[in-house]
């Protein structure tokens, strides 16, 4: 069955989504176990695919038995396989976590919620493994539609945010579609690898059409990943969505879009075109710097825990975009590694925010006061996630930063290095503020007092289904950090043929 | 196809698009959007894209307009712009 | 010299106290057993360190590569003379501090003692990890671990003051380590193609130019803010809100010494003394250190809170160590390394005494300690001995290190530094002697203490007597610290 | 915001116009898109490979069948999403068991009669469109939309509950799910028989005729699946939008 | 007229950009949510127009093989062409023209054994690929429109308004 593993990655969540939607009519209790089962299957399939990629190199899977470019193919190399494993694993962890919060927050729409949830995962996984530019658009829309719904099912303010997201997301997706159209009009092909071949073959480097296609696609993915000037839709959307929604979308949607960007830059246009012919690197890196700083400053200004985290996502997106446009191999390694580590660390802190919200019903960061006493294990999980975001070894976040900074120095983009360091420090401030509140209590003036404890003295350790995912993620962060060499060597093998120069 | 016919449709497309966005009565806007879709579908069938035209006729001019109308009737008919 | 032993012992040394956390947490409900676990771990650790001593003295290094974490970078351990010296100080003082904290914590009935002992053990692991690091990366790793593990200790009281102190503490330490050390480390990593391993004579020479070297030197010097070099010193007085055993071990021994140790390590193992001498960079550092010494001593004079005064004294003394290394002469380096040990024993005695006074009387301020010597004779005698050591007067170990430091200044002809050292010694005397003096010699009617005041908890008294004794012994017999320092110097200077 | 939007739009427009100069002429058969082996293959080989004269159907359901499966999923997603967003469960959930209260509004005679006449014809036409998609414009989507539209017409002419007698909510979901299962079923069947996903050729083991016929037949099956889903979801979307998610009465 | 004919070679592309920009502007700056969604649909159809324009070929017919070519392979299909919809009938007239042309040119023949040997000139059929892609895009468009309308209705239920500025004001005053 390993030969069919690539398609199974996708089929599991996709088919069980429909089963879940149907099960909702009669047997609501079946939903959660089904979700878990299917996602576990997806994780297994993606792991076995990764194993095969490591053994055999790039896997090509022809859907419908048609050879590309006639048919659609999955083309799975080290990058896809890693991201697919990440996506499915994050999804599985969130699914375990979701049991309590979904039942509490969406009550009579549990089956619909889970169906949409699984379809989102299917869409994201599909985007990751496909090798066809147009197919990516279709799956982009699947994941986009599901995200709108997942957000709109949240609180009152989430609805407007969802609408804005819908408008922005549609602009993004349409730009992508248009970009693919521009590529198609010049190359006549839709297969990513074939497009690249045609670009090289027909010497289209100077063609304005290709330039506009590149700009359109880049802007499209930037909109979708909330890169700085185009980020306005994200904070409210993720902050007011149901907790499970933000726990799944915060880590995954932006990261998968970054994957798409890397795929477009490396595979479709080729690094030579993206970095050398265009020579935008400096502008984009500066934009990334602004994004990092803006995200960090925005996060500092927030009092709402989840909103603060959403601003961190914006900063992290800046890391990765900047890392890619450093046009340096180490920077690229850092960006790709950061996709993985950031997915897990964002997941970790969002899970924590979700637990806090379900436990206290409050959004403000003061909700965590006294948590060290009441739920020590939860705090341990959170601290690992926070350390990773700050970049303290040996968590995964440190190593991604390590490569990114190295890339920045290598390519001489000092402003990027400085921005990364500032952002790390801001993260340190942010998270120690939370840790401090959790440790000391909310109001510094009161000092060591107990009257806050009375408000929710009932609060105890998070339930099993919420605690296990959190601690599991925390453990994964450390494991990824310790084994980063192996992951990085996969990434380096993947990057080898692209021949990225050291510095621009 | 006959290019004059083509150009006329294209001009009308722009006009209907503008009208449907400018008119303050949302019901009219939805209707004119249906007209726009239908013109679009004529244009496409002229270009040989019969399947697309067929779908657009059913989806764009038909179902989309109905969706829009049902929402307009369920919410407000007047628009500020 | 060439044959290095590969042994798991250094890792084990670090692991012992880390693993001790488990029994400490599990035995949290039974204080005696819990402290027993701490002691057992302490003795095992000390035993392991001592067991490596003969090997090191014989000139052999012990190495172990734990984990290849990046393609050309690993978490690796390497025991050499400098590391051994530091490890010996830290591990021996852990045992004594544990003894002291039993007395102190029980005497004051502090809360959350289990947490206290757990993080104490973790901090020690990190300290020893720093001591045995084989490369800059491992060093950084343990350095960060130490910063974070000591945070709960510093803020142990969980009140407003602790909060502020803890915030300052982390702000300074994390800002500098992430902002300065990390980029510098990555820069070095890139310039040397992945080499971060400490080498006896340094490895940077030939890889970077003078300007880069200066920037890196400053980044790394100030980056290890635990060394308390001005202007990155103010976390140390702030961190004095911690319970005294913490102040004692961490802020007189482990944390601050880790800071200077890192700096010494970087100067010797990364830059190389010769390279620094070639570029004439030592002078800059020695002036910074000299400035710190004088200013901090002057500030210390004005402090009334005993622990704050000790803290500023520590800042000054730390700079002695940096200054000694920055002189770039054999004598200076030897003195500098010896000062790590000598100052540790002296200063910990002083802190123990401050804690004992607080525990017995609740007094924090020097002005309130008039006449205390009559009530707490053992404590105040120990305090006197400790002051001797810190000032550098014979009969205490501190004399030797200061002696070598002075020799070093003469050797290079930097007489300005000589003057600074002497001035500061005078200042030291000026701020320490009055305390002891007024404690013993005052008119009975001036004494602020009733008869009922007695010595602190026996454990605490035992601990401080031990360290005071050790300080005296070190004067008579400065081994093995002297041989270790000397051997290390020979290593660094190639003579 | 308006000015900012205007500037953004103008910039984008100018950018796109810039590229337009580089485009091949409109309707040029030699343009890269039309001349590349991809479209050439579709035009020249479709019939020999699948025996389907309508290239669009063949490309849609076979060559790019994977896309189309997700196209169906998009529709399904939209349906579920709208239920998730808008649907208000409550007293109305037992609605399907109750007798519809038709007395409230008497349908107009002319409209009623017209619909009576029209709806069967529309539905017949929809079936034709689905079934004849291989040879003429049409296929699952178009047929499905038309079929769904017939129910929408019924709901508009009478009222929502009449239409819901035919397509109650649970049946809508079942139909929609069944449609996707039919589609994916062909794929999975190919998988089980040892081929790649959606490789209809391998289904010749189950279906009569040669490989090409198997492809042709599978495409028909797939289109039927699409039609199921589209019919159901179109009606579902309409009924949710028209009743504001309460499913009580339409517009 | 000559002039107009040269313009018409690119005219489609111009118009698509104009329509698209109209839609984009509406999406960004209209205040009414339904208007935004109408703008969105216009925006998407403009892109579809662009794609369809790519696939168009001068003097080519719809991408469906006609009777004569299929004849011999599948007899039972005969006569189907007559039942097509209006648009197709129109196109069907062109088919014969195209067939004649093809007979004249006698262009490259692709030899396949099964089911019959066909002679198809790709230049005589519109490019089917963009059509296929746009079928998907239309469906995506209607799905997005549906979800957007559902959100609009939910917003109306919550805030009693479908004007963005009014909703924003309500959120602000609720704080």
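So that you can tell them apart, the chains are marked A, B, C, D and E in the order they are listed, and the count of residues begins at 1 in each.
The criterion applied here is as follows: contacts are C-beta pairs under 8 Å (C-beta built on N, C-alpha and C of every residue); 3 or more make two chains touch, one makes a residue touch a chain.
Worth saying up front: this structure is predicted, and the values here are computed from it rather than measured.
Contact with chain B and chain E alike is made by D.
Steps from chain B to chain C, taking the shortest chain of touch contacts, total 3. Of all the chains, the one whose CA centre sits at the greatest distance from that of chain E is C. Comparing mean CA positions across the assembly, the chain most remote from chain A is C. Between A-D and A-C, more C-beta contact pairs join the chains of A-D.
Centrality annotation: A (chain centre taken as mean Cα position, compared with the mean over all protein Cα atoms). Averaged C-alpha coordinates put the centre of chain D at 15 Å from the centre of chain E. Computed centre separation for the pair chain C/chain E is 76 angstrom, with centres defined by C-alpha atoms. Between chain A and chain B the centroid-to-centroid distance comes to 38 Å (mean Cα coordinates, whole Å). Rounded to whole angstrom, the centroid-to-centroid distance between chain B and chain D, based on C-alpha atoms, equals 20 Å.
Shown for chain B are the residues that touch two or more other chains, namely 50-51, 53-55, 59, 63, 67, 70-71, 74. In chain C, no position touches at least two other chains.
Contact with two or more other chains is made by residues 8, 11-12, 18, 24, 53-57, 60, 62-64, 85, 87-88, 125, 129-133, 135-136, 139-140, 142-144, 146-147, 149-154 of chain E.
Pairs of chains meeting the touch criterion: A-C, A-D, A-E, B-D, B-E, D-E. Across the complex, chain C is touched by residues 387, 390-394, 399, 401-402, 405-406, 409-410, 417, 421, 424-425, 428-429, 432, 436, 439-440, 444-445, 447-448, 482, 484-485, 488-489 of chain A. Remark: chain D residues 1-2, 4-6, 8-10, 12-13, 16-17, 20, 23, 25-29, 31, 33-34, 38-40, 42-48, 51, 53-56, 59-60, 64, 67-68, 71, 74-75, 77-79, 81-82, 85-86, 132, 135-137, 141, 210, 212, 237, 240-241, 244-245 touch chain E in the complex.
If you check the complex, the residues on chain A that touch chain E are 134, 138, 141, 144-145, 148-149, 152, 156-157, 159-160, 162-163, 166-167, 170-171, 173-174, 177-178, 181, 184-185, 190. The touching residues of chain E, when paired with chain B in their complex, are 4-5, 8, 11-12, 15, 18-19, 22-23, 26, 30-32, 34-35, 37-39, 41-42, 45, 48-49, 52-53, 55-57, 60-64, 85, 87-88, 90-91, 125-126, 130-132, 134-135, 138-139, 141-142, 145-146, 149, 152-153, 156, 161-163, 165.
Interface of chain E with chain D (complex): residues 8-14, 17-18, 20-21, 24-25, 28-29, 53-60, 62-66, 69-70, 73-74, 77, 80-81, 83-85, 87-88, 110, 112, 114-115, 118, 120, 122-123, 125, 127-133, 135-136, 139-140, 142-144, 146-147, 149-151, 153-154, 157.
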